[in-house]
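Listed after this line are the structures, all set down as structure tokens.
In the two assemblies presented below, subunit A is common to both, partnered first by subunit B and then by subunit C.
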Partner chain A sequence: MNGPKVIFTLPIDIPPFGQVKITETVVNSWIVMAFLVLLSIFLTHNMKKVPKGKQCLVEKGYLMLQNLVKNTMGEDKLGFVPYIGTLMMFSAVGSLSSMTGLRPLTADLNTTLGWALVTFMLVQVNNIRRHGVGGWLKSFVQPVPFLLPSNIISEVANPISMSFRHFGNIASGLVVTNLVYTGLAALTSIITGGWATVPFLQLGIPAVLSVYFDLLASCLQAFIFCMLTMVFVSMAMDD
Partner chain B sequence: MERAFVLAASAIGAGLAMIAGLGPGIGQGFAAGKACEAVGRQPEASSDVTRTMLLGCAVAESTGIYSLVISIVLIFMNPLVNML
Partner chain C sequence: MDEYMGFVSIDWTLIFTWGNLLILYLLLRHFLFKPVQKMLADRENEVKSMYDNAEKAQTEAEQMKAEYTEHLQNAKAEANELLQSANQKATLRSEEMLREAQQKASDMVTRADAQIEEEKKRAFQEVKREISQLAVMAASQVVEKEISEKDHERMIEEFIDGAGDAKWQE
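Take a look at the complex of A and B:
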């Protein structure tokens, strides 16, 4: 298994990091974004007062999302519905894109760390907005000043653990699937004595793994990432 | 020679790191069992129970994910070999 391939390099030099590399992850996320934009335009153009066909589906999905946000964050935070919906769709489709043969864009720590940093900023900004800068700084020395380092660590650990959770689940699926494919190819050549040029054992058997690693883990991780974002942000806004 | 030794030690270390997979397994099994009990007691709350269980499982999983990341780093982008 290798990291994402570098497709091309931008001729812009940023001093500590060197040239900007456009990797497979970035290109795949452009593809996923384009797909999502086209899908949204297709699903929402030509809406009627009385829903029919695809509009029923979209309205049902939106209501489910709105209910989820309402139940988790509360009645007054429905403004987060578009962000949570976008995050969920992008994450789910980005991970599910591995079924079409693309490298899933969430199997790269950069993607998930970016999302987790957005959540981190939302939490901190809402905390400051709610308690003021003084109250925010005071919350770090809250029970006793002695706990300052551990409070800072527990704040910083949140985005790290969120991003590693999503990345680890998808990337481990990638590693296990790759190992199984390689093993089945070797097994084919052992059984047939190197006679078969097509590794026919790869047919069908890895699909069982794909149901778990691609379908279930992708949807579950998208859901969990959004749930954790909602819980952290509403906690910062409420207490 | 040194390189081979470091590589072998990293491979063993990666395997040992994955022992941490025990903890999340036990924890998630515990959570799932309790969720089954809760659904048995209150079948009408099953969707809420399932949602809470999945969230709890995901959080319990993070220690296992850390060990996975450590073993991926040890195997695929070994930092110890570069230190030789």
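Take a look at the complex of A and C:
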């Protein structure tokens, strides 16, 4: 099983990291981003005081998101709604893009680790903003000083566990789907004795698996990732 | 031959992920979240202002109603007062008129009494004079004595006065 394909390489070489390679993941991200931005422009185009059609949908969706943030983080942290919404849509649509034949963005550890590190930074920055540098440092020796190593590990473990959970779910779906396709192709040629040129068994059967690996896992992982982000950030800002 | 990255690797894509996330965040905030937030806030404000206006109108109406009720009550009280004072005045006036009439009547009676007294006196004088004349005439006939008519008359008048005062008293 390969990683993402390199689409093109920029003629830039930064010594310890090597050449800048633009992979399938990055290009697919741009496609997903363009889709989301165009969808947003379409949905918010020509909005009226009395909502109709698509405007009801987008307002309902926004209010659901706002309620989720309000219930998880609290009334005073509604400023996070745009970021959480962006993350959720990027993750969900990025994972669901596998259904169009694109390699999902989230099947690349770089994507999920990048997002998880943003969450990590949000947690630390907001902790410092809320409690000051002293309070932030003190939170690592709470409740007793000898827990310092364990506190640091648990803080660093968060982005790692978040990113690997998301990456693992989507990537494993990709792997299983690939295996199923390959297996069905082999099965077709065995059954027909190499006679069939079209692996017709690939039709239909993978769709059933796709309901779980693509639809369910994509939405679930996007939701879990956003929930964890909200919980960690609000925990850092509270108490 | 296509070049592939490792299945689990950390590379330049990480940097692009951050850039892409930031760009998408800014774009979606501008194209999706801000417009929807603005729309919802506008609607909320409008509804709120409508409610405020309705409440204000109701308060005003209630105030006006209270004012009118008060005015009405004042007017009623004023009318009552007017009626009472008119009544009082009328009573006073009628009493005065009655008193005046009584006064007038009693005055008239007094005046009439005085007149009667006067008439009586005058009549008495008249009678006295005639009687004295008669008496002089009779005396001159009987006595046939030349006597001053004037002296006689005076004497008789004195006599009658002395007797008449007691006899003709009422």
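As a working rule, the second predicted complex is superposed on the first by the 239 of 239 C-alpha atoms of A that agree within 3 Å, B and C clash if a C-alpha of one lies under 4 Å from a C-alpha of the other, contacts with A are read in each partner's own complex, and residues count from 1 in each chain.
Just so it is clear, contacts are C-beta pairs under 8 Å (C-beta built on N, C-alpha and C of every residue); 3 or more make two chains touch, one makes a residue touch a chain.
These numbers were taken from a predicted model, which means no experiment stands behind them.
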**Asked** Once subunit A from each complex is brought into register, does subunit C clash with subunit B or fit beside it?
**Response** fit
**Partner chain in contact with A:S40 - subunit B first, subunit C second, else both or neither** = second
**Asked** Regarding the shared-chain residue A:I31, is it in contact with subunit B (first), subunit C (second), both, or neither?
**Response** neither
**Asked** Which angle, as a multiple of 10 degrees, do subunit B and subunit C span at the CA centre of subunit A?
**Response** 120
**Prompt:** After superposition on the shared chain, which partner residues are touched by A:F223: those of subunit B (first), subunit C (second), both, or neither?
**Reply:** first
**Message:** According to the stated criteria, A:L184 is in contact with first (subunit B), second (subunit C), both, or neither; which is it?
**Reply:** neither
**Prompt:** Between subunit B (first) and subunit C (second), which does A:K49 come into contact with in this model arrangement: first, second, both, or neither?
**Reply:** second
**Asked** Among the partners subunit B and subunit C, which is in contact with a greater number of residues of subunit A?
**Response** C
**Message:** Output check: A:G114 vs subunit B and subunit C. Expected answer is one of first, second, both, neither. What do you get?
**Reply:** second
**Message:** By the touch definition at the top of the document, which applies to A:A171: first (subunit B), second (subunit C), both, or neither?
**Reply:** both
**First (subunit B), second (subunit C), both or neither touched by A:S161** = first
**Message:** Rounded to whole Å, what minimum CA distance do you find between subunit B and subunit C in the overlaid structures?
**Reply:** 7
**Message:** Output the subunit A positions appearing in both contact lists, the one against subunit B and the one against subunit C.
**Reply:** 1-2, 167, 171
**Residues of subunit A that touch subunit C when the two form their complex** = 1-6, 17, 20-23, 25-26, 29-30, 33, 36-37, 40-41, 43-44, 47, 49, 55, 58-59, 62-63, 81-83, 85-87, 89-90, 108-111, 113-115, 117-118, 167, 171
**Asked** Can you list the subunit B residues touching subunit A in their complex?
**Response** 51, 54-55, 58-59, 61-62, 65-66, 68-69, 72, 76
**Request:** Within their complex, state which residues of subunit C touch subunit A.
**Result:** 2-14, 16-18, 20-21, 23-25, 27-29, 31-33, 35-37, 39-40, 42-43, 46
**Prompt:** If you look only at subunit A, which of its residues touch subunit B in the complex?
**Reply:** 1-2, 161, 164-165, 167-169, 171-172, 175, 220-221, 223-224, 227-228, 231
